[in-house]
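Order of writing sets the chain letters: A, B, C and D. Residues in each chain are counted from 1.
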Amino acid sequence: MTKAIVIGGSRGIGKSISESLQEIGCEVLATSRKEIDTSNIESVKKFSEHQGNTDILVLNTGGPPAKEFFSITEEEWQKYHNQLFLGFCLILKNIKINEGGYIFLISSSVIKEPNPKLIISSAYRLAFSSVLKILSKDFAKKNISCINIAPGPINTQRTKELVENVDEYTQSLPMGRLGEPKEIGNFVKSIVQNKVKYLSGVVINFDGSNSNHIF
Amino acid sequence: MTKAIVIGGSRGIGKSISESLQEIGCEVLATSRKEIDTSNIESVKKFSEHQGNTDILVLNTGGPPAKEFFSITEEEWQKYHNQLFLGFCLILKNIKINEGGYIFLISSSVIKEPNPKLIISSAYRLAFSSVLKILSKDFAKKNISCINIAPGPINTQRTKELVENVDEYTQSLPMGRLGEPKEIGNFVKSIVQNKVKYLSGVVINFDGSNSNHIF
Amino acid sequence: MTKAIVIGGSRGIGKSISESLQEIGCEVLATSRKEIDTSNIESVKKFSEHQGNTDILVLNTGGPPAKEFFSITEEEWQKYHNQLFLGFCLILKNIKINEGGYIFLISSSVIKEPNPKLIISSAYRLAFSSVLKILSKDFAKKNISCINIAPGPINTQRTKELVENVDEYTQSLPMGRLGEPKEIGNFVKSIVQNKVKYLSGVVINFDGSNSNHIF
Amino acid sequence: MTKAIVIGGSRGIGKSISESLQEIGCEVLATSRKEIDTSNIESVKKFSEHQGNTDILVLNTGGPPAKEFFSITEEEWQKYHNQLFLGFCLILKNIKINEGGYIFLISSSVIKEPNPKLIISSAYRLAFSSVLKILSKDFAKKNISCINIAPGPINTQRTKELVENVDEYTQSLPMGRLGEPKEIGNFVKSIVQNKVKYLSGVVINFDGSNSNHIF
């Protein structure tokens, strides 16, 4: 039985990944804020110290509300530093991934094309992407694949909150639609199901041809 | 019945992709140099003008022998310009991809980290990656996903020819092994099988954590 | 006396670089199409075989007219392959750069963010950027610095031809203006003047904060 | 009189930049840890709230000692989050840059090629690079250029501490030598001196052809 822990697994993309992994027989622990609040370091420590090993770890968390640089307070930087960066570091430090396992990070397209409204996410999600890239080389020795999925515009509650006119926005996208959480779920499932292991240390844009940079 | 054309499908990575697509019931035309020689523009035109539509197109071709810049002749630049760039452009111009289809490009990790021994590949495979990126936005309108897979060190005949001491090289890799062509085959299969469509306009390193750049 | 060859030095950015280098006492050969036509391989060979050494080489050339992928002919690919890629390769193969010298490539922002209207430029300028990156490591041994400047929207005749409404476009730019050719000239001058040598093997966006990718 | 504030201006690269700016007549405030300790938020606030405007701001600071991921404590993450990220954010929030000015960030080549020994630097310097990229678009409206210089191996005390065998390392570099702090000083000077303004929102590798990624 393959065990999976999906942080932020109770809704949106995390929920879809949880369901997709269940479809192929994984035993999934899909956490909500009740089990672990990644913005609270004590909560993170308590949670991660009580987990045993896992085969699959999905690092996923919501982002802060849209906020412009000059209005961000010191406390907000600290809070989201915990939520988007330090919490994940502590989880990786404390939860043991079994040999042959997977670590999936659900980051965001803003790690490559930083967004002025999402400056906190842009910065800290990118910082953690650097950490995962470094660690991917060590994990590779234990045949653990580290895969950073960077979603673009996905059909979640959050997108509806961030975008003013969703219909107009949707029509401006190359595929004329938002991505569905289920597509990311299916993608994660397909990798695990087919034992794709050499895909590691990689950032994968998942944005329906929306980005403009060649990479 | 899903139809697939796999250029360079008679050996190595192309062969593995062909087999993987057959496993899920695709009707695969796996070409060898007999059907189409991508270094020969006339051969490319003849082949691509006689194909009808396809659902899946895999653009894959071998590279030139290792050669240092100052020893490359004008004729060699021209030949491999055909093989690695212009031939693929003409194929895309002439073969119609059905709505909801896929284009996979098998490029190379040298598009991001150019290799002095593989300067011809580094340059022309990158040039074609730019073309595919641009076209991915148009293809997106027809729900056709364009996916550029950039393999690192894979266990093929070519790698054995290029690397002096394969064992030593292998041990220096993060996973302690080369990637298997079958892993790329499985990856392509898994995307088609699970109808992952929003993954498009993307370059995916497939190198077992071997690259050093954050992206 | 420092000698400089500026390809495409009779107008636009090339002309500004030529003038800037003259200001600091360089002996500049600023070529027009009379001296060398980079789209014509015979012309390139004739020119480059008759040059002796140089201290500074500026590789600069105009681009093709805007054209959409499906309307580009085989002959056009071949022509601009010569102009934007092969011609520069042959120049580098034939003209000797003196120790402690500089090679400047004037590429374009489309090497990072490929442009559907400028697909030929996007592809071939990027291909040549790969070649220069590779060669920069060899040239480094002779203390020759290779600097790839990738201009964004610059106030040249070409920009006026490519952009429909220049005023509107200009106002949409972060600095509210196009870059001036003289600014690139000054930048090249400043590097030579201050003997900045460790700046090498680098691509430098020169676009007034216009690009969106973090790098 | 052009005013410049150089954070970390008392030694290494910061000192060289300070001296170079003085050579062209700038009034330079080169801070040491006495004036401002970027790892201490109170110190940062006290310093930055007492500065008036400046024309040039150089954001520069030393990095943490080399440390492997699993040995980094929560307190160390917090401390260097202050030093390499939050401190700089607060400086930018509090010190006003005059129209037509410059912001230089001295980051590191590890922002592109993260280094396992320098994981803290890799992550937080990259995070701040994202912030500066975003802000560069706003600053552009006031003709303020934001330039992120990412030095590779430079001849500083720090490099001597980090590298085991400096001679061996030096010989392995493309130019056969480390970069000199003075070269970065000269580069910064040359940009200011020649009023190069359209160079903005850019990350510039300064590494003597040492990096391997095409960008």
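Criterion: a residue touches a chain if its C-beta (ideal position, glycine included) is under 8 Å from a C-beta of that chain, and two chains touch if they have at least 3 such contacts.
Just so it is clear, the structure is predicted and the values come from calculations on it, not from any experiment.
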item	value
Proportion of interface numbers common to chain C and chain D (over half same, under half different)	same
Rotation angle superposing chain A onto its copy chain B by C-alpha atoms, nearest 5 degrees	180
Whole-Å gap separating chain B and chain C, where each centre is the average of the chain's CA atoms	30
Centroid distance [mean C-alpha coordinates] between chain C and chain A, Å	40
Multi-chain contact residues (two or more partners), chain A	111-112, 114, 126, 130, 133, 137, 214-215
Chain B residues within the chain A interface of the complex	112, 129-130, 133, 136-137, 139-141, 143, 145-146, 152, 174-176, 179-180, 183-184, 186-187, 189-191, 193-211, 214-215
Footprint of chain A on chain D - complex, ascending	41, 69-70, 72, 74, 77-78, 81, 85-86, 89-90, 92-93, 111, 114-116, 119, 122-124, 126-128, 130-131, 133-135, 137-138, 215
Footprint of chain A on chain C - complex, ascending	111-114, 126, 212-214
